[in-house]
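By letter and in written order, the chains are A, B, C and D; residue numbering begins at 1 in each of them.
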Amino acid sequence: MPVIYIDDQPYEVAAHHNLLHACLGLGFDIPYFCWHPALGSVGACRQCAVKVFRDEHDRRGQIVMSCMTPVRDGLRLTIDDPDVRRFRATIIEWLMVNHPHDCPVCDEGGHCHLQDMTVMTGHNYRRHRFAKRTHRNQDLGPHIHHEMNRCIQCYRCVRFYHDYAGGKDLNVFGAHHHVYFGRHESGALESEFAGNLVEVCPTGVFTDKPARRYYARKWDLQSAPSVCGQCGVGCNVLFNERYGKLVRVDNRYHYEINGYFLCDRGRFGHDFVNGEERIRRPLARESRGASLRETSADDALSRATQAVAGRRVIGIGSPRASLEANFALRELVGADSFYLGLSDAEFKSANLSLALLRELPTASLHEIETADAALVLGEDLLTTAPRMALALRQLARRQPTAESIVACPVPEWNDQAVRELVQQQKGSLFSATPGPTKLDEDAAAVYYGELDEIAGLGLAVAAAVDQPSAETDSLATQIATALRNAKRAVIVSGGNEAVMQAAAAVVRALRRAGRDAALCLTQPEGDTLGLAMLGGRALSEVVRDGAECVIVLENDLFARLPEADATAFLERTKTLIVLDHSITRTTARADVVLPAATIAESTGTFVNYEGRAQRCFSAFAPQPDVRESWRWLDALRSSLFWPTFDDVCRAMAQAVPAFAKAPDAAPSAAFRQIGNKIPRQSPRFSGRTAITAQLNVSEPKPPDDPDSPLAFSMEGSREQPPPALIARYWAPGWNSVQALNKFQQEIGGPLRGGDPGVRLIEPEAKP
Amino acid sequence: MNDRPLTGRMHPDRTPLSLREYEQAGGYQAVRQAVGRIAPVEVMNLVKESNLRGRGGAGFPTGVKWSFVPRGAQARRPVYLIANADEMEPGAFKDRRLLEGDPHQIIEGVILASYAIEADIAYIFLRGEYTLAARRVRQAVAEAYQAGWLGKNICGSGWGLELHLHTGAGRYMCGEETGLINSLEGRRATPRNKPPFPQLSGLFGRPTVVQNVETLCNLPHLVTHGAAWFKELSRCKDGGTKIYGVSGKVKRPGAWELPMGTPIREILEDRAGGMRDGVHLRAILPGGASTEFVTVDQINMQMDFDTCQAAGTRLGTGMMIVLDDQTCPVGMMLNLERFFAQESCGWCTPCREGLPWIVQSLAAIEAGRGEPADLDILEMHTRLLGPGLTYCALAPGAMEPLHSGLKIFRDDFERHLREGRCPWS
Amino acid sequence: MGKLDKFLLTDLFKGLMLTLKYAFKKPITYQYPEVRRPIEPRYRGRHRLTLHDDGSVRCVACGLCAAICPSQCITIEPMEGPGGKRMPQVYEIEIGRCVFCGFCAEVCPFDAVVLTQEFEMATTDKSTLLFDQQTLREKPRG
Amino acid sequence: MTLDLADILKQYPHAGRDALIPLLQSVQENFGYLSRDAVIAVGRHLGLPASKIYGVATFYNQFRFQAPGKHHVQVCRGTACHVKNSATVLDAVKRALKIEPGQTTRDGAFSLEVVACIGVCGLAPVIRVDDEFYAGMTADKVRKILDSYRKKEAANG
């Protein structure tokens, strides 16, 4: 590894990095704007200037942009030189020429990269005394608020939206100091990843529009690490709360899964937590025909306990509830009476996924991004697993790069130069779907057909992998050749059994040929795979079986069963107990409704498409009558077995061998850092003592959290917590999300202490 | 032998030479001599030997530039050659003269340069406003194709060249070689970072050489008459002639082809006829708008790359702008800087935000609303918009007249501040 | 001290003399609340939310005062006012916890919260010590 | 108008991104400006999204996005005119028409363009309305000239 000298001190750094990347990784603070670890360098902002010296005798040095300077052995530089410091401060002064200084009313205020960098450079006095230029804002739809005057023209938004995510409708317009970033006319942004602009933009040009309704500063938010349950990818998120409302969902970095970016479904899809449809009090009806009325928790519980006692009870689980909730239901009703709350097709596909994952290796999103070829069979990933589609796009972008930079040596981080070399070349990404998808334009070849035709194509590819023949020019041969030539290949599928089997056949064929291949099977919901691992009977059987008393866990039967079957089944049920957080058609027919906590208010474990168990923690304590489902279900038993989350999680690990490692997904509630819990609130959290003063001037005790090592308080450890417990990205001088740099082993690499979560499935075939 | 190879055979009435006229005057002889007869590397070595330096402003030795282009099996095809005819600098009009007066000369130059670097496709990137030149070049290209000077298998050598004419859409940045390449690709003409240099990854990510029109026009004569002859044309160690121009309040503004290294005084007095009556010379921008001022006492300076550099300025395009005593130097600089601020591409911070600030400060001073602190602001910009600190050379170029102007015309700036008005208005 | 002094109660009379002396001098105490003491110009008393000429609050609910407050006694809930203007929906100071450090006024970018010289906030009911926006807008007494 | 859009596009068969600028140039040559419809049609022809085309077109000085007005006003900002105070002339035109350079008045009567040099430096400061040159402009004269065009317009109905 090359050694560079910063102020005459030697440091070892990785050879393939630029100087900025290397210095930040060593813990030095260099201000920057246009550089982003996932987007590379373009040298536009000129903010990251450092001074390099020719040799140890050179005292004059030369100012260079660290982001555009490759690391080389023996390089000597200084970050803290009066000349560069003045230059960096002047860059901020230039940016401030037209910046509106509206921090007090700006939603970015408090987690603004521009604020951080301004303080870092020390610029504090405005010398420009002329009028500022102004722009008109655009309406960019319901999710993104646009405030163009704040723009500092770092070009990150277009580079992310256009180059990285393949969006079409955001661009840069105009020239000189009238450069404008937006759409060519007002209108909602079309990309599935538009929400990331909020985090990519270093200042308040693109801000989270739903979060604007709550006007909360980052330091006032109570946050907890969690997992998105909108699809089976299991992206890591941070839920942020203020005044009992879920204010904002932020990306939580996970090297193997979502990296720096989320899809809009994950970022903006959790509004139901604050929704009108939320069930906040237990509901019960006196008799069939009477209407559902609010009641006390005790009353609802006693009704439910009575209904359950001594009867055969059927439990219907849910792929959107945590493993623990499903396990608690299974324990309550017994394994024989536990039905997986999946539709017929989902049931089959989930069980097949499980079998295939036990046989063949799978790949994380990061492994997809760095693979050399991929084949998508049957899935429109932009709807079923959008973040996976983004990962595949990176594969398609990255793979020709690797070839080009052999012919013309350019460092991979030199974004523009690399794209120039690659031009329109596409990587070895192939897609076979029933209809056009947005991923098609990144694919080298596309095939449209019915699902059985797609399965046929998959089998043909498998056959062609087995018997390579150069003469036939069919699509299957073309795909097979590309897959065989790849160092690492990924086959993506899901949904349909025949297609999944065909995908598995391709993987098997590639492995027979000695190639490293992995199978990725999408899952429709956050815990579908976990539910299959827990095991239970098919929901179609429930219609036949029937029972007097049925408990439905966070599920709507009308969405899983044919309308007639669901109606008939519920007609026959004497007592229907439903646990859910929002009103559905099933809760409307229930006799007792127990209000369940949402994912943002509960602690639980979810298993993603690759069999990785991940822990979510409650961002805020639910309202008094709202409880986590496993708590309600435990209360329905004759005596309490599981006072805390760790109890239920341990019990599950013992009872279900597949989940033996589930408790390791995150530290247990007993975890302490220097004797302290990890605070969910920032040290700057405001109004703690007065926030409930309108109710009682005496400050109440903060809610207890027996379930996790996190505290509903600003007090606790100030150290960097273990990765599974990171509740916010903050470091001294770094208030924006860019503070993330300080949490990684190497910038853009895994988190310090390893990425959270634990894989539960060990495939027979070793990768 | 002709001492004005570039312009000597042009018609005095400014009509273009037709293909027949051009060929009769010895045109396309160089192509016949070189293509297929001598190896491309030999052509490159000839150019290296002749000390031909780029006439676009930077003065980089042409042969050396070509030597970076990968050859043979190494080269990723196609290789491109681009003639830079996007002449947009204030006061510059030499390329227009060459394109309108003798369009076949530039085509021949393009063919020779393309042959030397083994290019497959060539472009002439023409400034959009040059409609007359566009018509004439388009016609000439068609004639050249017809005569077999362009197209497949030129002179039976097996080597072919496609030549396209592209008219620009108007941005000064298109004159910067990487900005030009981006524009040609149908993108915004923002410059690119170097390295990688265009010789390795240029147009469409392929090896590309961008050469000024005047440089290319020298090639046919250089190839026909040899390096020794070419070096003898000049009055300094750089080879060849140079088209010098003068604009401003002189008796006969215009452009003339003279030996490289002709002193300013000769150009100004012998060719341009000296200053108009009653007007006195104050300073000269010797190489166009983006070069440092030289004062009257430097008027004997030879106009060549090295002498200009030694004197703290640049030869640039060789199209000098003359400042007289009846024009306000602050106003003149304001006009120049407004042009540069307007033509900034908006990519990097110092240029995008710094130049408009300079314009605002200069405008305030010119309007009598200046403050002493404005001079410090201007001075700061001349330091911090330096080479290497900005993304490309536009802002450093824009700072050159301001940098020297602040020193030479310090008294005039202070008079503006003191009197609260422009003394010339 | 001699026995004589003790017998003659000298100390007592000395004391009485002092009292007698001051009985004819001007008193140095103030007869509060009838008489009010002048307040030092930089005295930090009760908060006030300053207003624009049209009667709207200057506060934009940026949250800096709440963040800087060492006793955490300021609560702000922002909202979007007329014309998309950001303003506080709730602005409460729990004056019973306030230490009158003045950081809130110091940090305010719009001079929207200031500390007045009013200090009379005694009450028998602690719940009245929560000053809402309306109370904070009012001009201080005296 | 000499050609319609389809004809122009036909001249660039199988064109890629590099044909974008020449194509836009021919559209503007024929229509006087780039209309929204034309941009979208060009985009469809080249397989480029409209935002990308606008991104490129707005970068360059040459392209206009509003139909030129009935009367096209050009204000010269060349060096000669600058020396004779063309800045105030431009200001006066902007104030009189209430538009910025590159725009067209709402009634479509006037459009304004700033040109580097019209080439009649002897008449500085000069403006040109349609084919008519007006020399030695002042703010007052500008107003009068533009008013006379407005009156003519009104008289014609």
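Here, a contact is a pair of C-beta atoms (placed from the backbone, for glycine too) under 8 Å apart; a residue touches a chain by one contact, two chains touch by 3 or more.
These figures come from a predicted structure and were not determined experimentally.
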Distance-maximising chain from chain D - centres being C-alpha averages: C
Chain A-chain C separation of Cα centroids, rounded to whole Å: 50
Between chain C and chain D, centroid-to-centroid distance (C-alpha), Å: 66
Inter-chain centre distance, chain B versus chain D - centres from mean C-alpha coordinates, in Å: 28
Per-residue overlap in chain B, given as positions that touch at least 2 other chains: 171, 188, 204, 345
Junction residues of chain D - those touching two or more other chains: 55, 59-60
Sequence positions of chain A contacting 2 or more other chains: 172, 174-175
Listing of all chain pairs that touch each other, if any do: A-B, A-C, A-D, B-D
In the complex, chain D residues that touch chain B: 16-22, 24-25, 55-56, 59-63, 79, 82-83, 85
Partner chain C, residues of chain A touching it in the complex: 103-105, 109-110, 215, 217, 219-220, 243, 684-691, 693-694, 697
Touching residues (chain side chain A, partner chain B) in the complex: 42-47, 49, 62-64, 68, 87, 90-91, 94-95, 97-98, 127-130, 133, 152-153, 155, 172, 174-179, 404, 407-408, 410, 414, 416-417, 420-423
In the complex, chain A residues that touch chain D: 168-175, 180, 183-184
Chain C to chain A touching residues, read off their complex: 60-64, 66-67, 69, 71-79, 86, 92-94, 96-97, 109-110, 126-127, 129-130
